[in-house]
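Take this structure first; my questions come after.
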Amino acid sequence: MLTTQLNGIWPKIKEEAKKASMAEPGLASHYHCTVLKHENFTQSITYILAGLLASEDLPDMLVREVCEEAMAADAAIETSMLEDINASVERDAACDEYLTPLLHYKGYHALQAYRISHWLWQQGRKPLALFFQNRVSEIFDVDIHPAANIGHGIMIDHATGVVIGETTVIENDVSMLHSVTLGGSGCTSKKRHPTIGRGVMIGAGSKILGNVNVGEAAKVAAGSLVRKDVPSYSTVAGVPAKIVGKCRLQPAKTMDQQIPG
Amino acid sequence: MLTTQLNGIWPKIKEEAKKASMAEPGLASHYHCTVLKHENFTQSITYILAGLLASEDLPDMLVREVCEEAMAADAAIETSMLEDINASVERDAACDEYLTPLLHYKGYHALQAYRISHWLWQQGRKPLALFFQNRVSEIFDVDIHPAANIGHGIMIDHATGVVIGETTVIENDVSMLHSVTLGGSGCTSKKRHPTIGRGVMIGAGSKILGNVNVGEAAKVAAGSLVRKDVPSYSTVAGVPAKIVGKCRLQPAKTMDQQIPG
Amino acid sequence: MLTTQLNGIWPKIKEEAKKASMAEPGLASHYHCTVLKHENFTQSITYILAGLLASEDLPDMLVREVCEEAMAADAAIETSMLEDINASVERDAACDEYLTPLLHYKGYHALQAYRISHWLWQQGRKPLALFFQNRVSEIFDVDIHPAANIGHGIMIDHATGVVIGETTVIENDVSMLHSVTLGGSGCTSKKRHPTIGRGVMIGAGSKILGNVNVGEAAKVAAGSLVRKDVPSYSTVAGVPAKIVGKCRLQPAKTMDQQIPG
Amino acid sequence: MLTTQLNGIWPKIKEEAKKASMAEPGLASHYHCTVLKHENFTQSITYILAGLLASEDLPDMLVREVCEEAMAADAAIETSMLEDINASVERDAACDEYLTPLLHYKGYHALQAYRISHWLWQQGRKPLALFFQNRVSEIFDVDIHPAANIGHGIMIDHATGVVIGETTVIENDVSMLHSVTLGGSGCTSKKRHPTIGRGVMIGAGSKILGNVNVGEAAKVAAGSLVRKDVPSYSTVAGVPAKIVGKCRLQPAKTMDQQIPG
Amino acid sequence: MLTTQLNGIWPKIKEEAKKASMAEPGLASHYHCTVLKHENFTQSITYILAGLLASEDLPDMLVREVCEEAMAADAAIETSMLEDINASVERDAACDEYLTPLLHYKGYHALQAYRISHWLWQQGRKPLALFFQNRVSEIFDVDIHPAANIGHGIMIDHATGVVIGETTVIENDVSMLHSVTLGGSGCTSKKRHPTIGRGVMIGAGSKILGNVNVGEAAKVAAGSLVRKDVPSYSTVAGVPAKIVGKCRLQPAKTMDQQIPG
Amino acid sequence: MLTTQLNGIWPKIKEEAKKASMAEPGLASHYHCTVLKHENFTQSITYILAGLLASEDLPDMLVREVCEEAMAADAAIETSMLEDINASVERDAACDEYLTPLLHYKGYHALQAYRISHWLWQQGRKPLALFFQNRVSEIFDVDIHPAANIGHGIMIDHATGVVIGETTVIENDVSMLHSVTLGGSGCTSKKRHPTIGRGVMIGAGSKILGNVNVGEAAKVAAGSLVRKDVPSYSTVAGVPAKIVGKCRLQPAKTMDQQIPG
């Protein structure tokens, strides 16, 4: 996205929160604390993540400071977080507000928690990174290893059951649905998880296992099992998955689940 | 069910709770607060749902009032809630008490929370309906859009990972297992999710995608991927699903997971 | 494992906790309370399980006493709990510390909670056993019936969506991934769930339904649907699953997800 | 008060809450849940008391039902609760809104909790009455025995440390400040606590001990120790207290702490 | 007390809890968890204290282990705890059950928490002793320095506002009421707080300041200010306190608040 | 204090926390989160106050932002907070660490919460100021009206029951003990509470009522009732209080509770 577009998201979120706050006064303080009180997106998202990830073992104010530290150290985190919101609004027909993923979508929350734990992992703070990973797995049912490399503009729709392993690479603008596995094979410590190209769409329940490559703008139909490379701009389906057609547009954006035949 | 049968459920629940309360005194207050104290089913279920759905952002007493409001406005909600309890007792071999789904089954809880959020959606209270939907998705791992239309006598067994999209229609007396997806295709806002006929049984992990019709008393075997209409009284299986046989009885009631061949 | 090996696990856990405690002081009390304070493994695991399973309806100190009671009555529980930790360290490439499953893995937590609820079930304390089962299903998204029979040296990796039914039998040294179903068929109360042999590996999302037998050291590839017996030392795959090759080593230990062809 | 005046309090509370809600949006949901959502005073006060008195041992929804039960059974409770609010507004110079005692004053909260526990005591529900008494003593530092008899139009200002014993009688329109003791003498079970007449004002820290009578419209100056009857319309002061002057007006209403000399 | 009398207290507590549990089922689990489940008094009181003293900074299970450690190391703690219960039953006319102080009286709870923190202080664990002292001051409004020396058979009635300083000594069988101060004078670290003899009764709000001695079986009337030694078997009253009479019996046991004249 | 002295307090607090953290590992994270993690005193005190004042109606992260806002707007708040810590260390013989009042003393916490609510009151944010006042009264049993004017170097020892009214003025370097009342007389809205001069010491339980002036370095003995002006450098005592001697040094600093005669 253009910077001006990204910059436009936060004002829209505030506007939507204001409207919602007036429509449902029982939630007014919720909108106030999570969005309306804040001057910028970073204040808002760190507040939200802290509230979600805190536990008896790790107080929310401490979580928030960790999130602030990460976002101050790496400006790309904020950009990615905004791109991810935009992805849901553009691609999820049931999502017509920027506020919705920010406040409600557990796929969005899990992904942003990963962005913090990934930064922790890079700093060598492995115990806290693992703590976050497993806390997210417990509360959102999404298990993303902090060492994975994930781009921006990512949508994880519905999200329950998604697993993304340690050596996975995901390029920008990928969409995936719930119950997708990007899993390893074997128990060595080398690269043993997939690489997912730009604009790929992965249907619900699909499993892509081992160090395979899914090319740019490919579509993996729901319920597929992929253990071999998938060419760019192709559609694969089945258990095991076979090529069943081509993709012209980025399937991550159209979210068309149909396959030929 | 006949009204007299429905009316018989609440007294049985109280009797079962009384027995359990004496058997396990550490849970006695739990049974007292959720069941024994109450004069009718509505008091009990609103108490239970409030305890489950409440969060720091939405106190339980407020949730309870919303549930009471919905159930007072639409008497069919209570009937459906009782029919759903009955469905588990009749169809789930591991469930031999009416008390068990009411207190313990997250599929049951998620479905009844949907019934409240559906009523909110109909009243135009979209922010609160979305709040409930996403709270349920977070705690029960069941994502039912408040706009979906779902009948009664429904069993969602085990429930983790179930996704039911915005324009889905589900007739009465349907059974489904965990990890079932009734998903959309594309990102338009028209009807893009399935319609499931009366008495259908959908096996674990099956995905039914797009605006397809699954006819009355059909069976979708576990792990299937359905993208085309399924005729009534037929059994389909596979990725993609094909017709593999017929069903004589409502498979939702027998819960027979076997398929021919 | 040899007793001496088992006995070596607890000292290693303490050592790892000490190191982690110094590396991340915000979690120091967490490591202290869960591990460092305790003189033996039983004190530690009962503390951890109590913290996880407690709810407003069942205080942590009560849960802990139940866990202590079970472990004092049946010494095999502790052995199994240690064997299960060892299984993760040996087989999960992302797990290089004994501390990690103990503190963080929800598959591990769900399995140990089952061990307690299984003991309760054997004592005829059905209400509390069901309470634990469904609490575990709600928080860890793993649904294990307390009546199931499960050996030791078990790894349930990632774990979200796993369902293990009432009459299931699982031998020692089995590995399974998330979203695996060991499900029933029909609604009678006889044995209607699978028996899984020693050393079997079950890939992500596989469903094994009905009273079928999966023989020793067999491999069920990810995404399979199994409704018939699987011979020992064979690999099956597909929907429905077919034999696609042989296994020489216990696949549960190598965790190789590849299949021939 | 006249019924019309009493009836005017609830609308004023709602108006004040609305204004406060707009002034401080971080508290908007607080005002909504406690006041604005409700159609009448009973709904509001039961919500507030339930939130305050609930504990891990007694859930708020159960407390609320007890409060509702008491207020439905005895209409005088609601009248007294309104008279008590009015007392603070009329007599406490720092209190210019009806909303303030309802939401914030612990003397008010403790007194209304007593009204519920007194009703429980009358019903023979001694364990729950004692539970409430001691919960109130713990959180509000005001210890009122449920068997005491207390009229309406009572103000307990600041409130910390107030003790009102089992056989105490307090007539209408009494004001007292913090740290006042209406205590017993000896350990028999007969009437061993004071009787306080209409319109009496008892200054901070005063102790009135034993079965003594404080006559109508008397003033007990701060820090006094009273062990003998006090005539109506007189002022007493000192340790032990002596008559130091007369009172023309009800001192409970003027709250004048000065004494002659 | 005789050992046989002390030994009789625990069975009576259980009997009373059983009766209360049947009378008020909403509190049944409360009675079960605090009393009925336990085999001996130590299990019960450590459970109760842990529940009261726990906070977000110090989990209840950790508090309980500290309490167990102290009581195992020093058997006199349990004896004192039972003597203190007995003191309330014998001397407080409003207390006719052994269960009541154990479950409800904050004076009792504060005193027993002191017994634990005193043991910690003796072990040199000053930070945790201070943590407990100040936690007790916050929740029970009773501030007892862990270094004070306090005997058994102590009743602190109503309790709010009691302060007992660092170098205070209290002999056995003392009764005091709320708002009593046993305070220091000056800011040196030598003995600067009172010594209270056996069987002394100190009335509500009395302040005894500095290193003074209150002799055996003396009575300090309510609201007194004592800054000089008080002879045994005498009654003092006033600000400052003067001798006003004699005491024949231990006033701590009769609880007679009257003074001559 | 000199700025260099004030600046030395924070490093000492960190040092003390580090030592305590090693001595009591169960509290290590408590020390880490409240002190060790922070770079400056403001970060630490806002963290601590937020944790204490937060409730279900007002999340800790919101409270913290309000505290940060106040301290950023008015630098004198931080200075006062440090002076108050120093006051306890210098004057309270039981307090030999700077860490102790910061973490544990409820008199200190109540006073600092007042400093925030006073700033809110000055900004016209009356609802939130009242919310804080009454929250503090509930949890710390100290009732300070946000409109009162209070200097720095203040110690409120033990603190339970202290009441400081709306038009009170307190100069710097004042010490007071628990149960002190600086109360109003009458119910007009003009200045109706006391003015307390620099270096005054007010003993436990003393009540100073009405618009009276207590001169510099005066001493009000414990249990006094003051309703008339007190000259500077004098000692008053009794009910009502009379001049009983002179003070040469600031009694607030020596904390000598003795009075002549």
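First chain written, first letter: the chains are A, B, C, D, E and F, and each begins at residue 1.
Quick note on the criterion: contacts are C-beta pairs under 8 Å (C-beta built on N, C-alpha and C of every residue); 3 or more make two chains touch, one makes a residue touch a chain.
By chain, with names taken from UniProt: A, B, C, D, E, F = Serine acetyltransferase.
Worth saying up front: this structure is predicted, and the values here are computed from it rather than measured.
Q: If you take the chains that touch chain B (Serine acetyltransferase) and keep only those that also touch chain D (Serine acetyltransferase), what is left?
A: The shared contacts of chain B (Serine acetyltransferase) and chain D (Serine acetyltransferase), listed by label, come to A, C, E, F.
Q: Please decide if copies chain A (Serine acetyltransferase) and chain C (Serine acetyltransferase) contact each other with the same set of residue positions, more than half shared, or with different positions, and reply same or different.
A: Under half shared, hence different.
Q: If you line up contacts by residue number, which pair in B-E, A-E or A-F shares over half of them with B-D? Let me know.
A: Duplicate interface of B-D: A-F.
Q: By how many degrees does chain D (Serine acetyltransferase) turn when fitted onto chain E (Serine acetyltransferase) using C-alpha atoms, rounded in steps of 5?
A: That pair's rotation angle lands at 120 degrees.
Q: Round to the nearest whole Å and give the separation of the Cα centres of chain D (Serine acetyltransferase) and chain F (Serine acetyltransferase).
A: Averaging C-alpha atoms per chain gives centres 28 Å apart.
Q: Give the residues of chain D (Serine acetyltransferase) touching no fewer than two other chains, as numbers and ranges.
A: Residues 26-27, 29-30, 33, 37, 51, 56-57, 59, 62, 141, 160-161, 179, 205, 223-224, 239 of chain D (Serine acetyltransferase) touch two or more partner chains.
Q: If each chain is a dot and touching chains are joined, what shape do you get: line, ring, star, complete or other?
A: Per interface graph, the chains form a complete graph.
Q: For chain C (Serine acetyltransferase), which residues are in contact with chain A (Serine acetyltransferase) within the complex?
A: The contact residues of chain C (Serine acetyltransferase) facing chain A (Serine acetyltransferase) are 20, 23-24, 26-27, 29-30, 51, 90-94, 100, 103-106, 139-141, 158-161, 177-179, 203-205, 221-224, 237-239, 254-259.
Q: Show which residues of chain F (Serine acetyltransferase) lie in contact with chain D (Serine acetyltransferase) when the two form their complex.
A: By the definition above, chain F (Serine acetyltransferase) touches chain D (Serine acetyltransferase) via 56-58, 62, 125-128, 130-131, 133-134, 137-138, 141, 143, 145, 160-161, 163, 165-166, 179, 181, 183-189, 192, 205, 207, 209-210, 223-225, 227, 239-240.
Q: For chain D (Serine acetyltransferase), which residues count as touching chain A (Serine acetyltransferase) in their complex?
A: Contacts found on chain D (Serine acetyltransferase): 21, 25-30, 32-33, 36-37.
Q: List the residues on chain E (Serine acetyltransferase) that touch chain C (Serine acetyltransferase) in their complex, please.
A: Counting only chain E (Serine acetyltransferase), the residues touching chain C (Serine acetyltransferase) are 29, 33, 37, 47, 50-51, 59-62, 64-65.
Q: Which residues of chain A (Serine acetyltransferase) touch chain E (Serine acetyltransferase) in their complex?
A: 56, 59
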